[in-house]
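Down below are the structures I want you to see.
Here come two complexes built around subunit A, the first alongside subunit B, the second alongside subunit C.
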Partner chain A sequence: MNFAHGELYMLGAYAGIAVIGVTQSFWVALVVAPLLVGVVGAVTEVATLRPLYRREPLYGLILTFGLALVFREAVRQIWGGDMRRILPPITGSTPLLGMTYPNYRLFLLGASSVLLLAIWLFFTQTRAGIVVRAAVQDAEMLDGLGVDVRRVFTLTFAGSAALAALAGLLLAPVFTVYPQMGVEMILLAFIVVILGGMGSMGGSVVAAVVIGLTQSLFSLWMNPQRVAIAIFGIMIVVLVVRPRGFFGREGVLE
Partner chain B sequence: MLTFKDVHAGYGATPILFGVSLEVRPGEAVALLGKNGMGKTTLMKTAIGFLKPSRGSIEFDGQELTRLAPHAIARLGVGLVPENRRIFPGLTVRENLDLGLSAARDRSGALRRRRFEEVFHHFPRLSERIDQPGKTLSGGEQQMLAIARVMMAGARIILMDEPTQGLAPAFIRLVRDMVGELKRLGVTVLLVEQNARVALSVCDRGYIMEKGTIVFAASSAELRESPVTREKLGV
Partner chain C sequence: MKRLTWLAPLLAVALAVALAQPAASQQKVVKIGDLGSKVGVFEGYGKYQSMGIQLAVEEINGKGGVLGHRIEVIAEDDDTKPAPAIRKAEKLILQDGVKLLIGAVSSGSTMAIMDVTKKHKTIHWNSVSCAEFMRTTKFHKYYFSNQPDSRQQATGLAKYILDKMGKKVYIFYTDYAMGQSDGRQFKTALEKLGGEVVGVAGAPLDTKDFSPWFGAINQSSPDVLFLAFAGTDSLRLMTQLHSFGMTKKYKLAGIDCFLLQQDLPAIAEPMEGFVQLNHFSAYNPDPNMQAFNQKFKKKFGVDANIAAGAYDAVYFWKAAVEKAGSFDPDKVSAAHEGLCIDKTHIGRQCIRKEDHQVVMDMHLYRVEKGKNLPIARDRRQGRDRRGHGGPGSAEGLHLGDQEEELAARWTISSRSCCRSSCTASSSGPRWGCWPWA
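Coming up: the complex of A and B.
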């Protein structure tokens, strides 16, 4: 569990702004910014998380909470606290089912579907993906079988940092970029993961759709600021009925 | 081949091993016997590097293991079949076996195919379960998988910790026969067992451990007859 994940998402957007500033290209930034944040992730993991693995999980939780504060303040120092915008690299809109839809949003739909498929293929079809799953189940045993699990943890953290950064930059043209942007997103992400069931990728996808639809529908007749109440309401009801979420498997929390 | 010299180890402030010395020579099958809580599993953990000894040395083929990480020890050719099997429950039989290959020097497709064939020759049941998650296997099948997993790596010495624990008689025989088969294949075995009868029927010699030290060492034939065995193990 990583409370700083939202900040890596936020860093992705700011790294994107920096790279766009140099190269004037959103697409170059889309490749370079996740790599930069991936490196930040790797360095952070080695320097701060690695020494804590032998302790109880609570230590890591508190550490990432602190890291989140550090990242947020660092960004505020460098870029200031103002809201910033990144212009959508794809403009125009397309009529779809009686509504006009911005082309960039359609691109996001395609890009996120491709990413989702790629992540699924990684975890089920590649040796590296199998190693990561095994490390989650029994890291010590995996080490005893000849896998350097410290390296696995570092690379996994770097990879997930890069993915968060990619998401941050992809969504930046739709939302705005500001130091707190990760906080809102991580809350939604946690709700999605808990609702879907820890460790279930399909569950997360279903939960994301449910949360997304709820957000949109409730915004129609509720102050958007209060939609969060509806989302937490759904989470509470689901957790009372199904404590492990939609597709949570037995034992993943133990 | 594997030599423990005056090994002391424990968990935090609780010492478990008080100067264990024992040796396993190439091609041997050696039994390590003793009641519950005498330090047998702890000794196995120091050999694979899960636990670092506070004193003493462990050498494998002349190489000091006490400073190495578990993955480095595994890559030297030490394979652990741990207590409670510890297969990866959420991964399929095929994925579990593929991870076993991690310690192999050569990871070519040809070697992978050959090792899969070898393992399925010894454990046909696993080939029938190839795409099933590990957790759906019976205890005996999981034990086969744990043994097959280290065979994938081509381990030169296999440390087996209580492989017959909780198994039905048919599986106990299978595990015992497998130790004999490994010996025939030239693999050295250090077998930790509570079931002395099974262990001594297949091992060349054995040690008896009590309260963190070796208290008796003899050939299997002697151990079977000795009153010390009965006294120390209560069998």
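Coming up: the complex of A and C.
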């Protein structure tokens, strides 16, 4: 568990601003910013998380919580606390089923589907993906089989940092960029992961769709502020009735 | 005794330095406080409030100050939240001993610090916040305002919306003191004039994604979308409304502080046709308005905006202090009542005795190509703004003299509402005036 994941998402957006400032291109930033944040992720993992792997998981939690604060305040020092905007690279909107929908959001729909598919293929079809899963399941065994587990962990952390950064930059034109943006997103992400079941990628997808649909359908009848409360309600019910989530493995949270 | 002789030259030097200080520093100093949002969602307003105060203070100090005192401004940031606002207001009054407090920007903060200025008997001017509670339930004798509040804006703008824009209005507001007050007052005003409010919804201050609210707005199919937001919220909201095609679908109207002129060029297209009732625009050709704007621009290099009303607040306070002949809060408060100043950006302004509200003219403006232009034609300048129809522009504005007559009727002065008339015109327990007002 990484409490600083939301801050890596936020760093992605700010790195995007920096890259766009130099190259004037959103698409270049979409490639370069995640790589930059991936490097930040790798350095962070080697310097801070690696010494803690043999201790209790609680140490890691507290560390990442602290890292989140450090990242947030560092960004505030560098870029200031005010909101910044990234203009969407795709403008205009499309009439869709009786309403108008922004083209950029349609692009996001496509981009996230492609990303999801790519991640799924990586974990199920490639050797590297299988090694990562094995490292999570039994690191000692993998070590015994001659795989450099430390390198696997570093690369995984860097990869996930880059993915978070990519998400942050993709969503920046919609939500705008500010130091707190990661905090708001990490909460939703935790809800999705817990609902879907820890360790189940398919579960997270299903949970994300359920949360998204609940949010949009219910806000037709009631104030969206109350819908946000309803989402926490769903999480409480699921945790009481089925703590492992929709598709979680037994024993993780039960 | 001998040990002290070496001290003598030192003392002499110190004395010489003290005496050699320029005369100006011997002038007595009176401190005033500038409290508001310097960062965050409303930072634009806070910064311009500070600029307005600075400009007035420099002018006044250049002419000898107030009652022989040089004015010194102490600025504080309230984080746009009531609790820090109270702390900072107490710091300004108790620690710095300010004789005048100007602020805050957010209505929630202003209401909170009104308790502080009342308790410590400090003259308090508000020139940005527009929730109506300051003039009604929270009112106290040391409080003054030159910002037209929700009720005053509603009384003026509702008629134009219904006559020129459409009968079915959806009210979307920012969910705290200011927006709630705007929502309530505009609903009352629109319904009193025969309009239909097809929906009312609030989104929290600093909302990032407004799209969850859009479904309900589209479902109620209004003619006009009335928006009561401010600062970066407005910026985000307009960008998102535009990307969902809603700025073209509905006519747009909103409150006077919706967006500052400085932010308009960046979102000129989404804002096209947006109508508001306002006391300042850098694009109003009126000579008084231009004179003030030029002065502001010369000093800061940017156009002024409504938050610069703080400039007039300083001058009102100066006039009242000089009339009272002292800084005593009770005397200064009494001297404020009925006081008028001339040749401000909006001409003559007077403080109404009953609720300490400044009475001044307001004009209807419409955003055209990123500029807040007056709807009424100004004959003196020979300017003609007719025929510049954006999507939100009203069809009816192609009249000659009749248009001017109508515009004159919509140039509502704040006289049209005061505290005492509030109880009389109450309509409905929830959205009407508050029973204790």
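Please note the rule applied: the second predicted complex is superposed on the first by the 240 of 254 C-alpha atoms of A that agree within 3 Å, B and C clash if a C-alpha of one lies under 4 Å from a C-alpha of the other, contacts with A are read in each partner's own complex, and residues count from 1 in each chain.
Throughout what follows, contacts are C-beta pairs under 8 Å (C-beta built on N, C-alpha and C of every residue); 3 or more make two chains touch, one makes a residue touch a chain.
Note that the coordinates shown come from a computational prediction; the quantities given were computed from them, not determined experimentally.
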**Request:** Tell me which partner A:Pro224 touches in the superposition: subunit B (first), subunit C (second), both or neither.
**Result:** second
**Message:** Per the contact definition in the header, classify A:Val174: touching subunit B only (first), subunit C only (second), both, or neither.
**Reply:** second
**Prompt:** For A:Met99, is the partner it touches subunit B (first), subunit C (second), both, or none of the two (neither)?
**Reply:** second
**Asked** A:Leu61 contacts which: subunit B (first), subunit C (second), both, neither?
**Response** neither
**Prompt:** Taking the superposition as given, does A:Val70 touch the first partner, subunit B, the second, subunit C, both, or neither?
**Reply:** neither
**Message:** Touch test for A:Val131: subunit B only (first), subunit C only (second), both, or neither?
**Reply:** first
**Asked** Does subunit A have more residues touched by subunit B or by subunit C?
**Response** C
**Asked** Touching A:Gly146, do we find subunit B (first), subunit C (second), both, or neither?
**Response** first
**Prompt:** If you lay the two complexes on top of each other, which residues of subunit A touch subunit B in one and subunit C in the other?
**Reply:** none
**Prompt:** Hey, which residues of subunit A end up touching subunit C in the complex?
**Reply:** 80-83, 85, 88, 91, 93, 99-102, 104-105, 174-176, 181, 184, 215-216, 219-220, 223-225, 227
**Message:** Which stretch or stretches of subunit A touch subunit B in the complex?
**Reply:** 127, 130-131, 133-134, 137-138, 140-150, 251
**Complete:** So, in the complex, the side of subunit B touching subunit A is made of residues 48-50, 69-71, 73-75, 80, 82, 86, 88-91, 95, 98-100, 102-104, 149-150, 153
**Asked** So in the complex, which bits of subunit C are touching subunit A?
**Response** 39-41, 43, 175, 201-204, 208-209, 212-213, 215-216, 218-219, 232, 235-236, 239-240, 243-246, 249
